[in-house]
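Chain IDs A, B, C and D follow the sequence of writing; residue 1 opens each chain.
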Amino acid sequence: MAAGSSIGTVFRITTWGESHGTAIGVVADGCPAGLHLTEEDIQKLLDRRKPGQSKFTTQRKESDQVEILSGVFEGKTTGTPISMIVRNLDQRSKDYSEIASCYRPGHADFTFDEKFGFRDYRGGGRSSARETIGRVAAGAIAKKFLAALNITVTAYTKSIGPVEISRERMDLKEAANNRLCMPDAEAAREAEAYLEEKMAQCDSAGGVVECVIHNLPAGLGEPVFEKLDANLAKAMLSIGAVKGFEIGDGFAASASCGSVNNDAFRMRGDAVVKATNHSGGVLGGISDGSDVVFRAAFKPTPSIARPQDTVSRDKKEMELTIHGRHDPVVVPRAVVVVEAMAAITVMDMLLLSMTSRLDMIQLFFQVEEGSDEE
Amino acid sequence: MAAGSSIGTVFRITTWGESHGTAIGVVADGCPAGLHLTEEDIQKLLDRRKPGQSKFTTQRKESDQVEILSGVFEGKTTGTPISMIVRNLDQRSKDYSEIASCYRPGHADFTFDEKFGFRDYRGGGRSSARETIGRVAAGAIAKKFLAALNITVTAYTKSIGPVEISRERMDLKEAANNRLCMPDAEAAREAEAYLEEKMAQCDSAGGVVECVIHNLPAGLGEPVFEKLDANLAKAMLSIGAVKGFEIGDGFAASASCGSVNNDAFRMRGDAVVKATNHSGGVLGGISDGSDVVFRAAFKPTPSIARPQDTVSRDKKEMELTIHGRHDPVVVPRAVVVVEAMAAITVMDMLLLSMTSRLDMIQLFFQVEEGSDEE
Amino acid sequence: MAAGSSIGTVFRITTWGESHGTAIGVVADGCPAGLHLTEEDIQKLLDRRKPGQSKFTTQRKESDQVEILSGVFEGKTTGTPISMIVRNLDQRSKDYSEIASCYRPGHADFTFDEKFGFRDYRGGGRSSARETIGRVAAGAIAKKFLAALNITVTAYTKSIGPVEISRERMDLKEAANNRLCMPDAEAAREAEAYLEEKMAQCDSAGGVVECVIHNLPAGLGEPVFEKLDANLAKAMLSIGAVKGFEIGDGFAASASCGSVNNDAFRMRGDAVVKATNHSGGVLGGISDGSDVVFRAAFKPTPSIARPQDTVSRDKKEMELTIHGRHDPVVVPRAVVVVEAMAAITVMDMLLLSMTSRLDMIQLFFQVEEGSDEE
Amino acid sequence: MAAGSSIGTVFRITTWGESHGTAIGVVADGCPAGLHLTEEDIQKLLDRRKPGQSKFTTQRKESDQVEILSGVFEGKTTGTPISMIVRNLDQRSKDYSEIASCYRPGHADFTFDEKFGFRDYRGGGRSSARETIGRVAAGAIAKKFLAALNITVTAYTKSIGPVEISRERMDLKEAANNRLCMPDAEAAREAEAYLEEKMAQCDSAGGVVECVIHNLPAGLGEPVFEKLDANLAKAMLSIGAVKGFEIGDGFAASASCGSVNNDAFRMRGDAVVKATNHSGGVLGGISDGSDVVFRAAFKPTPSIARPQDTVSRDKKEMELTIHGRHDPVVVPRAVVVVEAMAAITVMDMLLLSMTSRLDMIQLFFQVEEGSDEE
């Protein structure tokens, strides 16, 4: 794939739009026909990433109302591209002269200028987190499609700064109760205190999001380059601010032993299952029937309110103080983006997995099996 | 990309072959014309991944001699596909009946059967580490191409099991001196002792490989899905046994603060540089001119000589003891595979980056700049 | 490419929208940064395909005003996706019950139902000619980009029904003067008479569009599957109603002789040129520096006002009379669609052609040539 | 697709090799597991394109023995890449100095030099007809796969120079009896006489190949850019020497009327069928259940034994006489290449068509239908 705003093969999404342009949107192509879909299905997920929901998120007032422009007829997807749009309401003429004329540390200002020669500097332009609106809208479709196959995708905050959830206390329902999406009330309180400290210091924090894909059939993913985990890794690293990805035991596995890290196979009734899940649901790049479990590491928000050393576009060293309010941590709002990107990736690979076996294809086309034998 | 054995867009490689089939190979398409290339260039890199080199690697005797079958004429690449082949010599009729009839823990036996209905069980078939021969052969081309642009790609062992190199002692030349490819002689000795302990316990170890891309121009990578780090992540997770990827400070960044993690911009002569490199050379998915630094985490070798619980193909629980000699750790031989995949990824993105700006394109085609203005 | 509404690699467009949905649009990704672009540039081309312009085109009243939603900043393309939208105004609740319940001969009603299980039957849904709005909008960008490299793309009507233009009388300026886009006033008059006859008979006509790409550098296109002419053929056949494609002498070449069909090479000053252009500007799939000349054959409009035999969705034979006004020929409005698809195809292949030679790449990155030699 | 030697998405082939290099081959990736496949299956098709079979084909003595190197185990495809190779035996050191130093009219010599800076001039290098060996080998797999679904692909010579088969006399079995693959003995005799005349004149001829795909289910192909006929057009134009493509009535449709060209739908038992097949089996880019019928026009062989005007690489005008024996017409040997490319295209689109409908996907994954409804 060359042009950079598309991802996926059979189910492919293309996002577009800048932070302070007219609108933000996505075209989701290749969704099978016959899926019930309404704007409410999309809006529900979009509302989970909306700013202005707590003291830890930006106060930008955007209702972020989605409109479905194509691809749905009489309440069902038609198999043709589903175009969705969210108008940017908050385009008030702010003063961007400072951002325009220098490079914010930790942002893409410098690299955009190097690549394209100039950039839309308003609110970060294309590299703004608002670009994820398109991902989440498409992710809502993918989540609905997967639900129709009884597959669920659930992400939550695993850590903020140094504060981690406890596996013992972990309770997924709790993640919906606190503003940090942590499935552990105690860790959430601790993390809130940590964030308030960082805000008082004009500083910011990072964190880790964990995601679980439940009920995925075994057999998804291709053996070599199109491994399921390789595509999940790309999908996660494609999210701005993500600096790391791991599946199953991940980096910890590198310090473990084979006798511990190998998951024994056992029978549960008629089904082959794994006694443990160090692999994170993938063996040789192919789903193994266990939960797929992976994590994405987010760096601290680069926009901080204290003076920073940088250089101007005309190549003079200077000191920059970024004004305005910014999230001290992106993680809580990124949880739904992780879910969306995981769902989009899995949906595509599930559709592709249908062509692996001749006998299943013959069944699909209602042709007698074995008809290729002499 | 659906068919799973290809990666890349403009420079695209396709690997093929099973561990105990007739041969293993790769077709590298899209290499620009005019690059000097000989079989020795390829062989040099292949020799770095060859088994039978130390007591920590399998004793399989393979000379792994590469033959270039196309795409090179009078010592230079012609711009057409470069096909390379390595014959499998060690195809002696071993007894594979046990592997054939059950699922080795930590291997892809079960998932292949679920996906394809059956599998070539000899030596792991397509999911064998021998598949990486094709990657390394193609990587040798990519490394030579990048060298022609003064770009280098260097990987080494960062840790084996719990034994890590020390940044203070780190010396890249040392990595060529020890069998574990560690740029720290003391850590290498410690790691050797650790591995001997594991072997005595019929157990295995994992580790981390670090890779540095030096002298990469700023501006490579696309803003949204085709980020440079997203493609590196996919390339790394596409290597069997890799369970994690991180760039720059990676997972550690998630526990850091913005004031620490942000890299200040400074001037060095006429050039904009970063005072630190927490970002690992990528901002917003686009190379920023600093070294690109990333790590891949490898799980412990799944083939261990102690009895393991598993199930047979006919769905009966059983105990399996894997015979034969296996590497107690894959990391030292994986170092060159990481280098190869990094070079392949970067070469492709560098070629794609040439089309970012109209003024550069006009220059390339020797057309007067600004001719689109009214 | 699986998901079907995208075309192109480096410059890739994705169209969306149904005839009577909310809107129609396109996302054009991968346009180089720095191209001057306004909504007027797009509107000018769109106005050439607008209905309601003569008695030979439908009377649907659509202003088809385009809005650019992203990817342009301060009058120039930014290198990020350019999203464009045209609202469908003419959505008056017509009675579609008949089209909904049966299969119009020559239309895609039956095949959509077979493929997707149901369809948006209003005005042909996704298979309506209104889908080409997205193509033309993206084509306007491609034409502007090519113009910045002094390359022009010009299409015109070569024949309508049995009436062909005469090469002797041919005058490209004349194509803008008559409603049929024929570069031959006499043929245009004859063709008008033919069309009036067909309309009186409640019948319709087809025709051929010819396209010339001027000033294309030699060296575009890839030797095997990605031939320039192969991609032009796909682009043309992707237009609804096109049933044939030929380049240079095309089908006539199959009845010719080598001694006639071969174009001799000659010198014109310092440049190698061809004495004739039977090849149509492509040799071995690669542009040869002569004008690229190709033709697309359009079938007669399938919507005719006389009774036709067909079957209903509930599988009963019936007679159908299509009401409403339809173009007796699609060719005049298709001329600009041919131009757009040609420009999109050529722009993509031109960008891809920049990576063919190491010496040119070294020049581009300002690296000393020959640095890969030992 | 950028790198030019691959085609297809789910079933994707990559050809490689030059006329006088070490070998020629193909990697066919994405073939479903479980298809019975032997080297004989491949050889049978390869033998149909072999040179040296009649006085109208080159006397090059090549046995063209294929070897399957991977992807087949115990007689069945494993779902992994199938690599196939044919060694070039006839590499005798011929004198290529003349071809090396000038541009043969009608060949790709000039365009290769323009694109790549130099070329492998031996026997045409990559643009030699020997490249089609890889296509035919992969096509043999596709034909076998399609046969397992009861779908057949049959091509034959429709015309040579001005000599066409008669629809009345047409008999497909006859095509196997004569050296020109014409399903009409009388036309074959006439065409032989025509070819002998051309050979006597040191000249050459072109022709048209027609292809019929029988028993293809309705519903293959995507509505917009990935139309079935658009992909067939690309596949055909990707064959060297092809200058035109048409489906159904093709160019003749452009001179026809809607009342004639529209195919009425009728019932045959429970099935919807078309009373005629002017469409050539495709409506709106999607297969309609009728035979898919298309034609490819081949230009006359450019290598002719009479003196031709051309220029040398050092840009001097000169006269060139091509020595050695060349086919006076490529059509008879191209018939099997057309079949191969058609089968490869249709196999890919058939696999992709499996993901069009949610209800079919739910059935495939054995999930209860309608489970996405609220």
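In the analysis below, contacts are C-beta pairs under 8 Å (C-beta built on N, C-alpha and C of every residue); 3 or more make two chains touch, one makes a residue touch a chain.
It should be emphasised that the depicted structure is a prediction, and the values quoted were computed from it without experimental measurement.
The chain with its CA mean position farthest from that of chain B is C. When the interfaces A-C and A-D are ranked by C-beta pairs in contact, the top one is A-C. One simple way to say how far apart two chains are is to compare their mean CA positions; for chain C and chain D this gives 25 Å.
Between the Cα centres of chain A and chain D there is a gap of 43 Å.
Rounded to whole angstrom units, the spacing between the C-alpha centres of chain A and chain C is 37.
Counting partners per residue, chain C has 2-6, 9-10, 15, 30, 33-34, 79-80, 115-117, 126, 223, 352, 356-357, 359 as the residues that reach two or more other chains.
Every residue of chain A that touches chain C in the complex is listed here, in rising order: 2-6, 8-12, 14-18, 21-25, 27, 29-30, 33-34, 67-71, 73, 76, 78-83, 85, 115-120, 125-126.
The part of chain B that touches chain A in the complex is made up of residues 1-7, 9-10, 15, 103, 105-108, 110-112, 114-117, 126-127, 131, 159, 161-162, 198, 201-208, 218-220, 222-227, 229-238, 240, 243-251, 253-267, 270, 272, 275, 279-280, 282-289, 297-304, 306, 308-311, 315-317, 352-353, 356-357, 359. On the side of chain D, the complex with chain A involves touching residues 2, 9-10, 30, 32-36, 77, 79-80, 144-145, 147-150, 217, 223, 351-352, 354-362, 364-365, 367, 371-374.
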